[in-house]
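See structure below.
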Amino acid sequence: MRELKLMKGNEAIAEAAIRYGVDGYFGYPITPQSEVMETLMAMRPWETTGMVVLQAESEVASINMLYGGAGSGKRVMTSSSSPGISLMQEGISYIAGAELPCVIVNVVRGGPGLGTIQPSQSDYFQAVKGGGHGDYKLIVLAPSSVQEMVDFVGLAFDLAFKYRNPAMILSDGVIGQMMEKVEFDEYKPRWTREEIIAKNPWAATGKPPTRERNIITSLHLQAVDQEKQNIKLQAKYKEIQEKEVRYETYLCDDAEYLIVAFGSSARISKKSVEIAREKGIKVGLLRPITLFPFPYKEIGAYTDQVKGILTVEMNAGQMVEDVRLAVEGKVKVEHYGRMGGMISSPDEVENALEELIIGG
Amino acid sequence: MIDIKDIVKPENLVFKKSRVLTDNPMHYCPGCSHGVVHNLIAEIIEEMDIQDNVIGVAPVGCSVLAYNYIDIDWHEAAHGRAPALATGIKRLMPEKFVFTYQGDGDLAAIGTAETIHACNRGENITIVFINNGIYGMTGGQMAPTTLEGMVASTCPSGREHARDGYPIKITELLAQLPGTCYVTRQAVHTAGSVRKTKKALRKAFENQTRNRGTSIVEVVSTCNSGWKMSPVKANDWMVENMFPFYPLGDLKDE
Amino acid sequence: MKEEIIIAGFGGQGVLSMGKILAYSGVMQGMEVSWMPSYGPEMRGGTANVTVILSDEPISSPILHEFDTAIILNQQSMDKFEKAVKPGGTLIYDGNGITHHPSRKDINIYRVDATAEAVKMRSVKTFNMIVLGAYLKLKNIVDMENVLKGLKKSLPERHHHLIPMNEKAILRGGEIIQEISVVE
Amino acid sequence: MGKVRGAIVVDTERCKGCGLCVVACPTDTIVLADEVNGKGYHYAKMGNPEACNGCTNCAMVCPDSCITVYRLKPEKSK
Amino acid sequence: MRELKLMKGNEAIAEAAIRYGVDGYFGYPITPQSEVMETLMAMRPWETTGMVVLQAESEVASINMLYGGAGSGKRVMTSSSSPGISLMQEGISYIAGAELPCVIVNVVRGGPGLGTIQPSQSDYFQAVKGGGHGDYKLIVLAPSSVQEMVDFVGLAFDLAFKYRNPAMILSDGVIGQMMEKVEFDEYKPRWTREEIIAKNPWAATGKPPTRERNIITSLHLQAVDQEKQNIKLQAKYKEIQEKEVRYETYLCDDAEYLIVAFGSSARISKKSVEIAREKGIKVGLLRPITLFPFPYKEIGAYTDQVKGILTVEMNAGQMVEDVRLAVEGKVKVEHYGRMGGMISSPDEVENALEELIIGG
Amino acid sequence: MIDIKDIVKPENLVFKKSRVLTDNPMHYCPGCSHGVVHNLIAEIIEEMDIQDNVIGVAPVGCSVLAYNYIDIDWHEAAHGRAPALATGIKRLMPEKFVFTYQGDGDLAAIGTAETIHACNRGENITIVFINNGIYGMTGGQMAPTTLEGMVASTCPSGREHARDGYPIKITELLAQLPGTCYVTRQAVHTAGSVRKTKKALRKAFENQTRNRGTSIVEVVSTCNSGWKMSPVKANDWMVENMFPFYPLGDLKDE
Amino acid sequence: MGKVRGAIVVDTERCKGCGLCVVACPTDTIVLADEVNGKGYHYAKMGNPEACNGCTNCAMVCPDSCITVYRLKPEKSK
Amino acid sequence: MKEEIIIAGFGGQGVLSMGKILAYSGVMQGMEVSWMPSYGPEMRGGTANVTVILSDEPISSPILHEFDTAIILNQQSMDKFEKAVKPGGTLIYDGNGITHHPSRKDINIYRVDATAEAVKMRSVKTFNMIVLGAYLKLKNIVDMENVLKGLKKSLPERHHHLIPMNEKAILRGGEIIQEISVVE
């Protein structure tokens, strides 16, 4: 039986990590996500599952501890919020270049700079286009409930290991701080040493006489080797784009208009859809769950059906570019968003739909 | 007279390249100290019989390609972050021998925080620190350990402390952290010093079985390319100029 | 059934935990719930508030701009949230420190002098339970049995001996709530 | 009892002609060749083979592990 | 008279900085741009113009020295290459949030991770979409010659101060390492203290009794204040988008096809255009000089004229998204690029044009 | 009897809030040491008459809002980077007084490298270091200076060095760098200690006129919120527990 | 010569009732009020005004600069 | 007029500075020039090469895949660049250390034993000037006067006393170049 609790997103993701058999967490405090590490430290998983929890001296250190840990073939995770994630960009690029699986949680707050600690979605570009240098992609999952904070821990690790690619859970202050009912699976045992070696033959676990040495690296001094690596990476990203798109629709079947929104904006937009429907406006909600891979095709398919699309984001308009790329000018696409920690009300969104899309 | 042929026989072998070294020719400049230290590490791994149980972490610097030479599992690190990687690795696999192999730019400039905090936590790892007083890989820029007056491409008329700061004795600082258990400064310019460095490295690796904290072996080294001297001249210059400022010997052995 | 509540006061008045107990009570009753605090502001002191939603159906937005009920525990919160009560909704407040009393005519207003009562009861820490009791008396959305279960779930094991005291406070709250003005 | 005799074998293709072995040799056994190897380096070789006592100093300081050292045990030497 | 020299891009940008009256340079060595600081150190401008040159302990320190220096109302500059620029993302976001002018040079190399030191353009997304957190924009200039390395120093500073916004010169290993003829202007004097205070009344230069204290900050604890700041920033970006687009065209008047390329890819593509023209293919080249603001409208205007657009980039396809956003599906847009330090030949590009656009 | 009215007269004034402090009420928790140190800095600025000539750098931490209280030009810094900002400012405006105001998380964790290298370069700045053994702003997590056994939200059963590392005496390390000229550790829990701290701060600011290198004033402080004690209790706890580990006094005065 | 007399004026609205002045006062002059100020704090006040000698200790330790201190020069005191 | 040249050899043979002098000579002659080195590879030793373009018109791409002339100074470079000479183009090489001599029939091949000559002239450092002299003899694209100006411009002031020696080496290069096979 699944266990029912009332929990904050940040607490839930911590407990989910322990239950999923994560091997290590490395992090540094920052609002609005400090409860992740606090919960782990309070639960003392090193006494139960054997999970390691360590407070690093900075986010730069955290991400590089993750880099080391991931190279061991173990399940490792960090969490932070926007400024801390910016500090991790070099490390993230290395991890992506070395093709290591790991999970990075960003509980986004408003920027730029020190900004505010209130919720935001303004790190979309950073997460999906690559905030670090070089051509790489993270697998990006956007939870919109505390339950998904829990469920996506497992999903993120599964995808990360399947593709040997870092995965990011792009959450925000709303999901991190709110409490909801949440159900947990039973504890899963951590992988044994033998399982790790069997599943991750590439891992640097000590070179036995039976194999060549394993080298975890992102370095390819010669351009021709680097290009080969880039081609390999791009092929992988293409495969992910083809196979791993996840999204959810709500009242889209007869929709004449579409709202596209992720994470907590999608929750708010759901209510806006209800308000609009009450007014007789046929609008549906498409919620991308994976931000990379983005549901380009799936959104593109609606261009025959709908007359306009509104993206709702807590930022100045970021995902809207991907939606525009998806529809290729076939229908009107507009963006509505509050910024800097302000959160739209469902009514505002509904108004925006009427003004920008239906009326506009 | 004895013929060379009579001497060069398997039974008379007294020194050969460690089997833990690969056959790849090293990319280092002629006379570079990195090669000597690589050999020593390989020998120790061979002698301790831990080839299947050791993980090296090499950050950017001339020795980032160490993985081509020492035949063990390796992990590249971003510039300055080897101690953080090693922390991640060792915490998750405490049964492995984990070492970092860092240059002076790496350990004492960009990686200052990671190095100090790994040592302060007493991570049970070995840090091999190649202090050649310069940024070798990028072509000879000033390092944090560049001596006053010493010329580098970013202090072409010699380091001046008013502009460039002082050379930093980072090893002395690390020795004061309660997390470190063994901190020593060695060199590899003579056979005698090579022997001492080997002993030091062996102790630094063995300490991991005793979980005593962090062990650090600094090797005062030459970078004849960066210094723009012949390898032989570079050794002399090191003895004359580096050793007085970075005196050899144990700083801590607990 | 759906009830959207804001509880607002000083940090330290137990606003968040009151909301949590209420939310947990809802869970015990088999409802959908959400609890969303004002967090931060990475600085000390100041006000705190929490939005709690109890509903029979899945909750879309945990963040609201108007509420069925506002429970208001200081003047700053009164200034901010009196106007956020839906017409016909309910406002409950503790008179302590309130200089501008609520004046809306289109909402139901109740007062519970929990601060004073807590002092009387010599247990300042149950202040928020008195307020909760007042609310529960008014809005009968969760059964007492489930409130006690919620209380138990939200208190760490080591504080379970405090449950009887809290129960008493909840009941007391129900007794001392006063109607100020009610819209028919 | 005869003097200890040694000999070195240099992997001349690996050798980079750095000269560190030359300086390290206590018996002045080693010289750099006039010729260059495939990489253009004047490689090390025994210039004075009789002098070598197999002390391994040269091998220890060689950064490129080019030197293998042999030593004839004194009792075996004639 | 302008002075003529033969110089590497990296050397030229250093000399240009001194001549333009830059006040401070803070940097950390990394290939392929270390010559910038090396040239400055060799030229000892502190003895002539009074410019400060300092080797920082890391790129994190460099960008934060820049943050401090920029807050003084002075002209400050740093340079690095891809991994180093990733480390600067937090600082860049702060500088953008605090609305400070400064110039950041990225001499891009191939990534991700340590990658290769060979030239690349794979940091386009990072530069234009925001590698750091929060909604912000850099003004991004892409030189395609050594002369432009020189000229854009002045342009970048002028735009940076005009809009109180960090500007980036997005170069690459080709432009940084190649030597070309280059002409320099006369030395300009550095701003005097009085000029600085007059031009930059916001600068933190010490509070006289005559004004309120100046506070350089990106912090807005309250969401409503942060949103105001974000709205202000977005208005500024919009103004920049409207007023500051710069681009160059080559043989576009009668073009039936268009190549869009920036930086060194544009140089190569120019030759490809010539090759194609020799074959009778009517192709033109549009070279965006400002990457933000991107010439959306200007490219969009060609959709009536051309049958297809090829973007040529030394990456896996980044700017191509902006070109697609510009044309809104009206004409076919494809990407051609080598990666990881490999550089297309003009013939390859010309072939790609025939295959992907004309034939495809 | 003298009436209060007779005493409270302008001519009898012996202490009032510095005019370099604004009238904004401080956001700090009741009893927070930050406020006391703010007052002292304001007083010194007033007494040295440098209000128009001083620039403060406040990184993230409870005191990032210091700019609301001390009426001078300020610069916010990213977490840990104040010494880098101050370097940029001071190098470009050597005639200004430049100081950083950093917490222990800031100075001794994320900002370790920037702090050590600014000091090692001997930047002619003043560093005010508020060591309250905890991350105040983010709600009481373990800091690098948290004592062993001390409880924080990320070491809820007390700091254990095997997991969390040792409390770091960063000031002792900084005192050893040739770039620092004055390094002292003070407190502000009694009127006497406040007087001493003020003297120390004054010297640390005055040193900038002599271009002697970096001056550092550590103030061992309380964070009663993070420590979960009353302000009065927190002072006692500090005296009993912090002072033995972080003994007050000058570490260097050259 | 009479005893030195002092007095303090507390900005009661700024005061956060931390009590540090109470402890710092050598003459036990200060107490926290039973009433609270607008922010809900039991502010500091002179409980025993005669005791104050104007030593300024309280003001120096006050984190919120709430205290102004006056002292009557002894020669002026009667 | 346009000449696209690659000069390739060991690091340390003065490949880059030979290219720079050639390019500077072009500048002095009023031509457009570009000079693009193989840089890095953030590691020591290895080969070095530089592409120099001299042209009457603006240069589009500084990076080429085939060349009018290849000047080749070691075997590795021979393996890499012999095939990159345009048909009808020119290959000049130093025979020292070359084990596989160039064999193409569609290009003009010349040999200049500059290593040997430099040893003879007792000035190893002028090796690259000998090679340059050989090239200039063959391809008369810049006047000697401008070459000397270029030399002066590219040498730091303190090395100007070396100019006469370098000039001698350039002239000597012109004398010792040998034709191996020439396409008519």
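Lettered A, B, C, D, E, F, G and H in written order, each chain numbered from 1.
Simple rule for what comes next: a contact is a pair of C-beta atoms (placed from the backbone, for glycine too) under 8 Å apart; a residue touches a chain by one contact, two chains touch by 3 or more.
Remember, predicted model here, so these are calculated numbers, not experimental data.
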Via touching chains, chain D connects to chain F in a minimum step count of 2
Contacting chain B as well as chain G are chains F
In whole angstrom, the CA-centroid distance of chain A from chain B equals 39
Rounded to the nearest Å, the gap separating the Cα centres of chain B and chain D is 25
Cα centre of chain C to Cα centre of chain E, whole Å, reads 54
Where chain H touches two or more other chains simultaneously, the residues are 40-43
Contacts with two or more other chains occur in chain D at residues none
In chain A, the residues touching two or more other chains are 31, 54, 57-58, 60, 83, 90, 94, 98, 113-114, 116-118, 217-219, 221-222, 343
Within their complex, chain A touches chain E through residues 60, 82-83, 85-87, 89-90, 93-98, 108, 110-118, 120, 122-123, 125-126, 129-136, 217-231, 233-234, 315-316, 318, 321, 324-325, 327-330, 338-343
Residue positions on chain B within touch of chain E in the complex are 60, 64, 76, 78-80, 105, 109-110, 112, 135, 138-139, 141-142, 144, 153-157, 163-164
In the complex, chain F touches chain E at residues 51-55, 57, 64-65, 67, 71-78, 81, 84-89, 91-93, 96, 113-114, 117
Within the complex, chain F is touched by chain A residues 28-31, 34, 37-38, 41-42, 44, 46, 54-55, 57-60, 83, 113-114
In their shared complex, chain C is touched by residues of chain G numbered 36, 40
